Every structure is written in structure tokens, then in C-alpha cells.
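There are two complexes below, and they share chain A, which is joined by chain B in the first and by chain C in the second.
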Partner chain A sequence: MGLIGKSVIKAGGVERVTGKGTFVADIKLPGMVYCAVIRSPVARGDIIAIDDSSCNRVKGYLGLFTAKSIPGNNVIPIVFRDQPCFAAKRVNYHGEPIGVVAAESKAIAHTALNRIKVTVKELEGLIDPLKAWGHRKIKLYGDDNIFRHSKIRRGDVESAFRECEVIIEDTYTTPYQEHAYIEPQGMVANPLPDGTMEIYGSMQCPFYVREAVAEVLALPLSDVRVIQTSTGGGFGGKEDVPSLVACQAALPACLLKRPVKLIYERDEDMISMSKRHPSWIHYKSGATADGILRAIQAEYIIDGGAYSTLSPVVLFRGTVHSMGPYRCENVHIDSYAVATNKVPCGAFRGFGSPQILFAVESQMDRLAQGLKMDPAEFRRRNLLKTGDTTSFGQKLSWSVGAKETLEKVVEHSGWRNHIPESAGDKRIGYGLSTVFYGVGLGAGGKHLARTGARVMVEPDASVTFSVGTTDMGQGMQTVLAQVVAQELGLPFENIRMMPTDTSRVPDSGPTVASRATTMSGNALIIACEKPRDSILTEASILLKIEKHNVVIDEGIAFDRKDGRLKVTIKEIIKNCFGKRMPLTGDGWYNTPETSWDNETGIGEPYVTYAWASNIVKLAVDTQTGEVEVLKISSAHDVGKAINPAMVECQIEGGVIQGLGFALTEEMMADSKGKLLNPEFSTYIIPTASDVPEIEPIIVEHPYPDGPYGARGFGEQPLMGIAPAVANAVADAVGVRITDLPITAEKIWRALRAK
Partner chain B sequence: MTQTVIFTPKSLSEALEVLNDKKPVVLAGGTDLLVQIKGGGIPPPRYIIAIDNIKALKGIKKNGRKVRIGALTTFEEILDSELLAKFAPHLLEASYEIGSPQIRARGTIGGNIMNASPAGDSIPPLFVLEAHLILQSIEGRRKVAISQFHTGPGKTIRRRDELLIGIEFEAGDKSSRYFFMRLGTRKALAIAKVSAAGMLNIKNGHIGKARIALGAVAPTVVYAHGAQDLLAGKSLSPEVALLVANAAQNDCHPIDDIRSQAEYRQAMVGVLVERGLMRIMNELNGDGQR
Partner chain C sequence: MKIKFRLNGRLINADIPGGMRLIDLLREDFNLTGTREGCGKGECGACTVLLDGKPVNSCLVLAAQLKGRAMVTIEGLSDGDTLDPVQRAFLEATAVQCGFCSPGLILAAKSLLDKYPDPSEEQIKRAISGNLCRCTGYSKVFKAIKMASETHRNSK
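Presenting the complex of A and B:
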């Protein structure tokens, strides 16, 4: 296993750092025009008129395109079909697209945008999800403004609470979180003379984009080809919304028969693109005197925004994760995704789980405190282990590394070793969290849980491969190239991944849910079978040994029994070509079955789970309420780290993004649903100076169905940071903050009230 | 589309002519101006004058007791200045807090003053130095006390034909002690939620002149008059520091905004002033001067 477990340098890493790479903003095509999006000035209203007559004198103005111009269906298909490409009569959120203008240059497009007169009759909107829920007069979705209601029913909560020594009940809230990818959204649509449409852009899910463009332009899927350009970060923010951006460029491109470019401004991106759902959680849990988590009752509400987009699946995942990684036999969960007149929320690293895990893990500490038990010990007694059954009734037959991650962080962090360090106005605190994550699409999206791959060995022993999942900076390209190199016995340098393109492999579903390494990795291992067999066959002929005795490693084939007998793979491949042996392979991988009963919340929602523990050490200034994070130890069971350095990078990046969620990030909306801080000077993400010492710890309990035991990784590092910070603050100064972010102002207020 | 004409004069006299004729918008480092133009905070200007080629506006000099900082001096240059490390160490503390390395390399002290933000980090340190601004037009020069210059957020008494050419203050002596403290939401690239600067003249343990200025807690930077009055004639002790800190809280009128809340800001004025005074006290104890 030469290349597996090796920290190969990230493919494309040097180019990124030196500013190279083909991003969508770099694309220039002959005759290309530019467009700009017309947006709703109110959160809810009726469109009376869109008037571009004052643009007609603007030189270079090419026209206005609205819902009326759409040749196909005015819909962005995701889970349900409620979101239009352009609002036709009714606008439902501030910033909702109602049309585009096209022009010969970006500047002209923006001049035209400023001149367009949009007349909207403002209507009363629903901004607060708790008020929108079942609103009697204003109906945004169905009868009750609920996109989805999920449940878990297990055991008997009421009588279980009667057995508890300690019961904690509280309300937790979390705000929007912005993805803050470094590259804003952008697309180029290029109509070809044969009537087909090419789309280039920054995205996670080319097959979603293809479906949307085909639907809006009334083209068959065969006539839309989507090519991912270098993508500067996604974090879920480029899962569903690029479909919208692509259609905004594709419509004028199709009608003008010219290439169209659309690159979002940062504030436009922040106002109109998806975010992490704000949430409201009421959570009650209880433990018996011997430290056993006995009962959980919770209500979890997420603010979906104006359209359902991914909310039903986000809610599903949040519901599955609402008990944390613990055994608990009495559970009663109700969760709701509510419609409001705000920007639709969507996918974001953790997908509905970080919000509820903030409550889960805060509660665990408070129960431990009530029992006068060390929080690590309380978790130890309740953590799931191999052979256990989860709260939703799934038997975990293998590879549950939860406890090992817990022991590792306790050991590495100097857990609660703080008394001598507190000095002056500073108080040191330690906070723990243990979380789990269902890897892959699971029962909420199982129709998409498959993926394709293709491998082509060239006569000079270089190799190209194609997959349907994407690299958005997370490093999939590198890890998959390691897999291909390993399978074919070639050096890593010989392997090149082709840009992800819907014409190369069949629809492989989205690049989300930490699924790319496992899904495309498995598909590639299958795709390598045929070329690998040709290579082994030819090697056995050249070495004059039996095929099963041939070993290939980094470009050399040799005899398992006698290492001196060698032949280079270059020579083997040359011979294979000479003999016209097949050196190309296709792979197709489906995940094992998943299930979920929406009435009882019982089933096997995900094929496997990842496990993680975090310990945050921080100092709180008792006078100012300011928090300084000193160190974070973060241990993750990833099954197998194909590239350990990149796993560590994911841990570091996720921890930092989690710190932002915990401490500073807060997108605010006014009472009319307008976002107040769509800019990085007031939406505060951590800078390099704010990053504490991070100690990444890799734990490997192999996942039997994963490539080399890898389970999929990427989202987990963010998920448990906010509760660990809240727990550390409580440890340091004895105040419990239940609404994120944990700002200095909130801590100061809580300290003063003490 | 509106076209913008940009002037790039090489000399001060040339610049003053242009200012007089066209009343252009002045561009120094651009770290405030360009953000404001792009964000629509100010309309795209018809005329811009870029002053970064004018050598006369650069440099830090001492002439007798007078220290003079050219308007075009960047925060990076301030941080490198030995002269200022000696005579305005709190201005270095403030400069270090500004933005990020990139912003400190471009942003100028003149731009910071002229932008007239109550959160401008260089302003409270200049208040406690009782600095004067030197404004010049073709009609001549005038000196204005920095505390008289700002009239509200983004507002000053500058005439549109005037250029800020420098900042001048009287150098302190061995008896002068300084501090600057601020709170921001993160460690870099954070506009101050509250800031405080102080200057005390302390001889034989007794405070002579005392100046305390507060940032981001009123429409402009303000002196904490009540706190200053309390300090005069006293010697520093934890009790005095607390008393003065409480007085400083009543010297300001903060508001709620996207960065923080009034109540918190008011309380933090007290914390910062107390910490600043305690730091001076501890320095003196360390120096054996008390």
C-alpha cells in the first residue's frame, strides 16, 4: 500500500498559492456578453411592472430577460419544485431574482441595472419562523408554512424522565452562517451552433446544474454539458445555488445566441445565496444517578427561507443527529423546517447537524455538572460502541471509534488541568464535545447515492481519470489520484484528473455529505480492474511467472517471490497497446441500502458514521467578556486517512470555521427581512491571527465498504466546536451561553447578572 | 457612465492649484475612499487628486520640541519610527491594531484623520498629545487643534480647497506616560468597538496634566473631561484608577450599532481606562519612580 496513507503534496496546490488555475472569472470567449441580476427590493410583494425603457438609449444594452422569456419551465428543481428561476408575479424574499439584463460589458450591464424600474407592491411578510409556523393569514408553503416535519419516537420518554436524577431543559438558538468561500459565485454559458449549451462555472454539483438548465431552457439533458472550472471553496454554498446562477446566464445566452458571463459581487452573493439555517431548539434531557442518559425530548425548528430548496434533507440529517453519539432508549423528537420571507437556506458543512449538536453537547455538560461527574466520564458511560444500537434503531456492526477519539483528546489536551493558570482577570476553561456524522447521502437522498468513474491508460503510461464528483479545494483530486496510482501500480505523477464534466461519466450525484472519496474512490477501484488486469497479464508474460505472483509498485512490476525479477510498467503498457489489450475501464458504485420511517424515525439512515471529539482550551476575560481560544485538540475517526496531511488540513479548516460559528459570525436581518451585514467588515470570520494552536489527531477504525477503509471526511471538524467553546466558557467563568455566537457582550452581560 | 478624471501632482503647489480649481476628492492610500466609492457610500467622484507622489507630505521629523508627522505617513512607517516610539509610543500601539499588514502598508495617518470615523485608531492618541493639524490651501496655512476638527461621523471643518499636510505636537519629557487600549471583535481587521488613550505627566508621584480620550463612544473622539479633572493633582493608586474609570464612563455617549451595544461600550470605557492607568502605575513602580 505504497501510496495509501502517504501525505502526497496536494495536486494544484502550488498553482493556487501562486495565483494560477482557470477560474470562471478568467474565461473570455469571442463575442461574450455580460449580465447582471435584477433583484427584489422587498421581502414579499407583487410585481407590478419591470420597465427597461430608459435603458434603450444605453449604448451596448442588449435586453431584459424575465420569467416571461423562459422557453422551458420556470423552476429550479431540487427536492420539491417550488423555487422559480425568476419570480414571475410574487416575490418572496429581499434579493430574489426577477430578471437579468445583458450588455456588451459589465459596466454597461450595471448601468442598465440601475436604470431598470421595478414596481413592486409590498405585502406583509413573515420574517420570524416561530410566527410563520402555522400563520393563519399568510401562506408561503402549504397550509401551515412547514416544508417538512420529521420525528423520532422511541421508548417512553415520560416515564423515563421520572427515573432521572438530573433533568436539564433549555432553549438554544443559532444564527445564519455564511460560507465565505473565497471565490464568489459565477458562470459562463456558451451556446453552440448545433443548439447545445455549454456551462462553465464554480460549483459542487454539475449534474444539478445540468438538470436545472435543461429544465429552464427546455433542452434534453443530452444537449446541456456542464464543466466545472477551478472552484475556490464551496462548503455547501455551491451545492444547489449554482443552478440558479447558471440559469441566470444560460437564459440570455440561449436567446441572444452569444456566450454570457455572470460573476457575483460579494454583497450580492451574501444577500442572495444560501446559508446555514438559523435554528431554534428546545431540548430536555435527563440522566439517572449512575450517569446513564435516559431520556431526550426535543423540538428543533429551522428557518428555511422562502423556498424549500434543501431544507427537507437538511432537517432529516439534523433529526438523525439530534441525540448525539449516545445510547438512549427513550427519545421523542419533533423537527420542522419553516417557510419565511427570507433568502432560502441550504447546505453548509454539517448540513443541519451543527445547530442541534450545539444543544446536544451543551446539555451533556450540564447533565454531567448536575451529576457532579466529569464531563468526559459522563460521555464515556454513554458513547456508542461497536455492536450497540443507536437511538434510531440502527445496529452498528463495525468501526465505531467514538471512545478512542474521546480518550485521545483527553490525553492530548491536558484536560481540566487549569487551576494554576488562571491569573488576573483571565480565567482558563476547558470544554469537550463528542459528535458523530452519517457519511454519504443516506436515506434522505438515496436515489442519488451512486457514482461513476472512468480510467484511461495512455501508451506512454500516463493516465487520465474522470469522476462525477468535484474538487472545490478540499483535495478530492489528490486523494483519488493516489487511489488510481495505487490500483495501477504507477507513480502519482503519472495520474491526471480531468475537469469534472457531465459528458464524461454518468450522473454521479452531488459532491456533498463528505462522500467524494468513498464514492468516487470505490468507483475508480472498479474502473481500474480492467486496465489493471491487462497490465498484470502482460507482466506475467514478460516475467514468465503466474499472474497472482506479480506485484506492481510505483512503476515497477516484480515477482512476489523473487524481487530481482523486474520489468518497468512503461514497457508493459507499451506491449499492451501493441497487443490491443483494453486499458480503459468504467466503474459504477452504488451504496448499500438505507432506510428511514418518517413516522417513527426508526431505520438505518446512513451506511456508516464518523466519530469525533474536541477539547477547547480558552481564557475568558472576566471584565470584558472576551474569549481567547488557546488550544483545540480535535480527534477524528476517518476510517483510513488516504492522505494524512490533507485530513489534518480539513481538521484545521473545519475547526477555524467552527470557531467563527461559535464566537463571532452572525448575519443579521432587520424586521423586514433585509440582511444588514452582507460584507466582511461586519460579518466577522476568524483571521489568521485568531487561530489558536490546533492539534489534529487521526483515529483509524476502517470502514469495510470504503476504499482502503476510508469513510469520508470533511464536514465533521466544524460540527462540535461551538458546544465545546460554550462548555469551556461555562467551565472558565460559570456562565452558560445558549445562543450563538458567544460574543464578549453576551458573556459580560451573563457575568454581570450572576 | 460618469468618467472620473484623476490628477497626480508631483508637488504641493501643483496640488493646491488643482484643489483650488477643481475641488477634487483627495486620494491618499485609498483604503477608506475606494471602499466607500465601491460600496456606494459616496457617489463616483468627477475629479480625484492622488497625492501619493508628493514628497513634502511624507516623513516624521523633530524640530526643537515640535514633532511633525507628514499626512502621507503610513502606519507601517509609524511603527518603524524610533522618534515616535520615544515621543508617542501609544500611537505605535494604536497603529499596530489597525487592519492588517496590507492596510498598514497603504493606509495613512492623514487619511485616518480626514476620514473622521469616531473609531479611527490614530485619533485618540493624537487627542491626548493635543496635536494640531496643519491644513494648507493656496490662500495659506492654518493650524487646528485635533479636538476642534471633527464635527460628526465623516464630518470635519476642512474646506474643499484645503489639504492636510501634517500633524504637529509638542514632545513630552521623562515625566510623560501614555497608553492606548481598544476592543475589537477579532484580533486583526476589526474596527474598534471602544478605544481609550491616555497621557499623564507624573512628577514625584503626582499627576500634573492628564489627558484621556475615548474612541467609538460618541459621534467623534472625545476627551473624558470628568476623568481628567479627577486625575489632576492625585497620585496613582488602584482606588484612583477605579474612580477615574467610573468618571470616564460618564464622559461618553455610546450607541448601539452592528458592532456592539451602548451599555457594553460604556462599561468597557471604564475597563480600558482603569487598565491603562494601572499599566502606567505598574510601569512607574517598575522604574522605581514612585
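Presenting the complex of A and C:
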């Protein structure tokens, strides 16, 4: 397996370091028009008028486009169809789009935007999800303002709690987290003379964008072509919302018959794009004297915002992950996604699981403490292993590396070896978390769980391939090129990935849920079958050996039994072309079946799971409450690391994003639902100065259905950091923080209250 | 307003509208799109360029301030196809994910290494603390800068 497991240098990396990669903001087309989005000034209200009469004297102003201008349906289809492209009569959140202005330049578009007069009659809105739930008068969604209610019912919780030696019950809360990808959202819409529409932009899911644009412009899917440009980070924030941005550009483009560019300002992006759902969690769990997790009862509420968008599936994932990676036979979970008059929340690395895992893993430490047991030992006794059945009734037949990740971090971190290190006002603490992640869309997005790929070998032995999933920085392009090179026996440099484009492969679903490597990798292996067979056949003729004895690797074919007998693949491919043998292949991969019963929460929700453990070592200043993180060890079972350096970089990046979630990141809304800190100076993400020593550890328990044993894991590094930090703070100074972020002030107050 | 300045080594004479931002001059007039805009407010560092060797946020600088000065953008760092050691180190250390921040980080690192060829971990962190990266978690960026510093020293 020459190239698999090798840290080759990033495909397309040279363009990145020389500043050449084309991001959407770099696109210039002749006759390009610029637009700017008109947004609701209130959280809830009725639109009375949108008046652009004072713009008509602005030179270069091209017009106002609103819900009334839409030729098709005013809807952004996601899970349900409740979100409009532009609010028509009623606005439901502060910053909701109600139209766009178009102009000859960006500056003119912004001048026009400032002159537009929007008259809205403000109505009372629902800001607090706990009040919105079942509100008697104000109905935002259905009868009770609940987008989705999910459940898990297993065993008998009540009698199980009676057997417990220790029971811990508490409420946990987590705030909005902002993706803060460094490249803002943006799209270019380019109408072609034949009536079709091309869309270029920063996105994770070109097929979502295509569906939305087709719906809004009343075009058949065949007439919309979506091409992903280099994408400057996504983390879930470019999953569903780019559909909105694309439609905002496509509508004026279609009506003006000119290309339109729309790049979001940073504050506009932070105000109006999706975020991690704020959550409220009430969690009760109990363990018996021998250290067995016996019962879990929890209520998990997420604030969905004004439209359902991805909330139902975010809730699904959160619910599946609400028991952590442990065996537990008595479980009673109710989870709810609630409608409020705030910006719709959506996908963010972890997808509903980091919030609930903050509660799960805090509870695990508190149970261990109650039992006077080492938290690592308590987890050891309860962690799932191969052959076990999960709390939702799924038998895990293979590849459960949870325990190994735990042992690895314990070994590497100097776990709880803190006595000699405490000095002055500082106290050292260690905190542990063990988490898991269901890879792929699972039963929540079953109909989308397939993907296509295409491989084309050229006469000079260079190769292009296309997939329907996207690279937003995570490294998919490199890893997939490694897979293709390995399958065809060619050097890595020969392989080029084409930009992801809806016209190249069939609808392959979204690039989310850590699914790209597994799904597109498998589809590519299938796509390589035909060209690979041609290469092996021709090699066997040239080498005069049987086909099964031919080995191909890095541009050479040779005899398995006699390495001296060689021929270059270049020569083989030339011959194949001469003989008109097939050197192109298509691949289509469907995942094995998944299932979920929404009434009982029993089923096989995901095809496989990734596993991880983290240990955070930190120091707390007992005078100020300030936390200094010293070291984070983070071990992940990824099945197989196709490119270990990139796996490490994913771990480090996710850990730091998780550290932001733990310590500083908090998007705040005022009582009227307006977001208060939509900028990097007030929404604080980690900088280089905040980074402790990080030790990424790779564990490999191969996933039999994955390409070379690999499975996705890219979200997981973020997921367990916040509870590990909370546990470390508790270990250091004995105070338990249950609402994120864990600020110095909260610790200081808790220390004073002690 | 007519001004003269050096851009990536070339002497430029340009007529610049008064209120124009440096980043717009680079991206719109010179098509140097490696200078990226992440916030437009001096908060992310994606628009970093070197002005007389020092990193500045080009979204906060007026183009007119270029007068008589020498500027280097990411496009001016490599010599044809030969990458600068800092660029090469970023690739070899896997310090690039989406790459939107990379030009800014690389220029900030370049300026640091020109001044301190053998920087401490603290100096590295301080030098790039104005350049936000949301993907990599910075560890491999530190590694890249250390690698570049070694190449730099060994080549002397």
C-alpha cells in the first residue's frame, strides 16, 4: 500500500502558498453587477413597504429585487420547506433577507442599500426557546413551536435509579458558536445566453445550491450548473446557507441577464448565517457501587431559530450521541428543536453532539467523583467495545477503538500527575473526555447516503477525477488523489481532481458528517475498476505473466514473483489507448442500510463510529479564575489514516476550535434577538498566542467497508474538548462550571461562592 | 493623486483615487488576489502585505500611503517557480488547510524571520497572533516557521 498511510504534500498546495487559488471573491466577469442584501431591522414584524424611490437618482443603480420578483417558488428547500428565499410579508428574525439591490459597483450597491426605506410593523417576538416552547399565542412553527421531538426509550429508568449508589442531576447550557471561517460567504451567478445559469461560489454542498436555485428561478435542475470555487473553511457553516447566498445573486442575474457577484461583509455574515444551536440540557445519570453506568435520563433542547433548516437532523444526531460512548441499559431521552425569532441555526462540526457531550462527559466525571473512582477507570468499565450493543440497540461488530484511545491519552498526558506542579496561586488540573461520532448521514439523511465519482486516464498517463463532495480545506482532494493513484498504480503527481461541479457526477449528497473520504473514496475505488483492469490486462500481456501476478505501484508494473520483470505504466497506458481499451470509469457507492425508530430511539442510526479521548492539562489561577491550558492530548480512532499528517492537522484544528467553544466563544443576542458581537474583535476565536502544546494521537482499527479501512472523523476533534476543560477546572480547583464558555469570571465567582 | 512606489520589486507610477484602500488597489487594479479580505476591519490578518518589510493589514491602509515605499505581496515572494523557503516549509509541515489565511501568515512569518532568523516559540506566536486561522489550530504553522528558520540558517 505504497501511497496509503503516507503524508504526501497537499494537492493544490502550491497555489495556496503562492496566493493563486481562485476564491469566489477573485472572480471577475465582463459586465459584472454587484448586489447587497436588504435585511430585516426587527426580530418579528410585518413588512409594510420597501421603497427604493430615492435610489433611482443614484447613477449605476440597477434595481430592487424582492419576493415579488421571484419567477419560481419563494422557498429554500432543506429538510422541510418553511424557509423563504426573501421574506414576503412577515419577517421572523433580525437580519432576515427581504430583498437585494443591484448596481454597477459594490460601492453603488451599498449606497443604494443605505437609501432603501424599509417599513416594518414590529410584533412581539419569541427570543427565549424555553418560553417559545408551546407558547399559547405566538405560533412560529406548527402548534407548539417545536420543529422536531426525538426520543430514546430503553429499559426502566426509574427502578434503575433506585439501584444506583451515586446519582448526579444538573442543568447545562451552551451558547451560539460561530463558524468564523476566514473566507466570508460569497457567490457569483452567471446567466448564459442559452437560458441556463452557472453558479460559482464558496460552499460545501453544490447539489443543495443547485436545488435551491432551480426552485427559486423555476428552472429544471438540468439548467443550473453549480461549480465550487476554492472554499476558505466551512465547518458546517457552508452546508445549507450558501443556498440563500446563491439565490440572492441568481435572482438579479436571471432578471438582469448579467453576471452578479455577492460577497458578504464579515458582520453581515455573522449576523445572518447559521451557527451552532444554543442548548439547554437537563441531565440525570446514576452509577452502581461497582462503577457501572446504570441509568440516564435527559432533556435536551436546542434553539433552532426562525426556520427549521437543518434543526431536525442536528437534533437527531444530538439524540443518538446523548449517552456518550458507553453501555447503558436504562435510558430515557427527550430532545426538542424549538422555533424562536432568531437567526436559524444549523450545521457546525459535531452537528448537535458537542452540546450534549458537554453534559455527558461532565456527568461522567461527577459520577466517578461520587464513587471515589479514577475518572479514567470509571470510563474503562463502561466504554463500548467490539461485540457490545449500544444504548440505542446497535450491535458493534467491529472496529471499536474507544478503549485504546483512552489508554493512549492516559499514557501520553502524565494523567493526574500534578502534585509537584502546583505553585503559588496556580493549581494544576487534568480533565478527560471520551466521545464518539456516527460517521456519515446515517438514518437521519438516508436518502442522500450515496455518492458518485468518475475517473479518466489520459494517453500520457495523467489522470483526472471528479467527485460530488467538496474540499473546503480539510484535505479531501489530497486523500482522494492518493486513493486514485494507489488504485491505478500511478505516481501521486499524475492525478488531478477537477473542481467539484454538479455537471460532472450525479447528485452525491452533501459534504458533511465527515463522509467525504469514506463515501467518495469508495466511489472512486469502484470508478477505478475498469481502467485498472485494462492496465492489469495489458501489463500481463507485456510481462507475459498471469494477470493476478501483476503488481502496479507508483508508475511501474512488475511481476509479484520476480521483481526484476518490469514495465512502466506509461507504456501500458499508451498500448491500452492503441487497442481502444476502456480507460474511463464511473463509480456509484451506496452505504449499507441504517435505521431509527423515532418513538423508541432504537435502531442502527449510523454505519460506523469514530472514537476519541482527550486529556486537557491546565492551570487555574485561584486569585483571578484565569485558565492557562498547558497541554492537550487527543487520540482518535480513524480506521486508517490515509494521510497521517493531514489527520494530525485535523485533530489540532478541531481541538483548537473546541478550545474556543470551551473558553471564549460566545455569540450573544439581546432581548430583542439582535446579535451583539458580530466581529472578530468581540467574538473571540483562538489566536496563535492561545495555543498550548497539542499531542495528536492516531489509533487505527480498520473499518471494513471504508476505503483501505478509513472512516471519516473530521468533526470529532472539536467534540470532547469543552467537557475535558470543565473536568480539568474541577480537578484543579474543585468548582464545576456547567455553562459554556468557561470564563475566568465564572470560575472566580464559583471560587468565591465555595 | 499620482504616486510612485515599489510593488514586488517593480517601480510603479500610479494615479490613485484619494480614499482607495490598499487592498482594493492590489486586488482590483493589479489583480493581485493573493491578498485576501476576511473582515475589512483589521481583525483577521488575511490581507497582510509587507510594507518596507513590516506586515500591515492592507484593508486598513490607504493606497495613497504607498508613496515612496516598497511593498511585497504573496505574489512577490516566490521567484518564478521557486518557492520561498517559508512557502516551502508551510507545504512540508502541512500548515495549510483551506489556505485562505496562508498568504497573510506566510508574509508575517517572512518578516519575522528576516528580523530574527532564529525566533523563540514566544516570538513566533507573537508575530502571527494577528493572523487568524480557523482550520489548522496553528501547531503546524509553528512547525513550518521553525523549519523555515532552520533552512534559512543552514543556507548561510
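Going forward, the second predicted complex is superposed on the first by the 753 of 754 C-alpha atoms of A that agree within 3 Å, B and C clash if a C-alpha of one lies under 4 Å from a C-alpha of the other, contacts with A are read in each partner's own complex, and residues count from 1 in each chain.
Convention: contacts are C-beta pairs under 8 Å (C-beta built on N, C-alpha and C of every residue); 3 or more make two chains touch, one makes a residue touch a chain.
As the structure is a prediction and not an experimental result, all values here were calculated from the model.
Q: Using the touch definition from the top, say if A:K570 reaches chain B (first), chain C (second), both or neither.
A: neither
Q: So in the superposed three-chain picture, is A:E745 touching just chain B, just chain C, both, or none of them (first/second/both/neither)?
A: Touch status of A:E745: first partner only.
Q: According to the contact criterion defined above, which of chain B and chain C contacts more residues of chain A?
A: Per-residue touch count on chain A favours C.
Q: Per the contact definition in the header, classify A:S681: touching chain B only (first), chain C only (second), both, or neither.
A: Both partners, chain B and chain C.
Q: Which partner does A:T664 reach: the first (chain B), the second (chain C), both, or neither?
A: Once the two structures are laid over each other on A, A:T664 reaches chain B alone.
Q: Which of the two partners, first being chain B and second being chain C, lies in contact with A:Q623: first, second, both, or neither?
A: Once the two structures are laid over each other on A, A:Q623 reaches chain B alone.
Q: Look at A:S689 in the shared chain and tell me whether it touches chain B only, chain C only, both, or neither; answer first, second, both or neither.
A: Both partners, chain B and chain C.
Q: Based on the A-chain superposition described above, do chain B and chain C contact any of the same residues on chain A, and if so which?
A: Common to the two interfaces on chain A: residues 679, 681, 686-689.
Q: What residues on chain A touch chain C, complex-wise?
A: 7, 9-10, 13-23, 25-26, 179-184, 230-233, 235, 265-266, 472-475, 645-646, 648-649, 651-657, 679-681, 685-689, 691, 694
Q: Which residues of chain A touch chain B in their complex?
A: 107-108, 111, 267, 623-626, 664, 668, 676-677, 679, 681-682, 684, 686-690, 743-745, 748-749
Q: Can you list the chain C residues touching chain A in their complex?
A: Chain C reaches chain A through residues 27, 32-41, 43-44, 46, 73-75, 77-78, 83, 87-88, 90-92, 94-103, 106, 124-126, 128-142.
Q: Can you name the residues of chain B that touch chain A in the complex?
A: Residues 1, 39, 100, 183, 185-191, 258-261, 264, 267-268, 271, 275 of chain B touch chain A in their complex.
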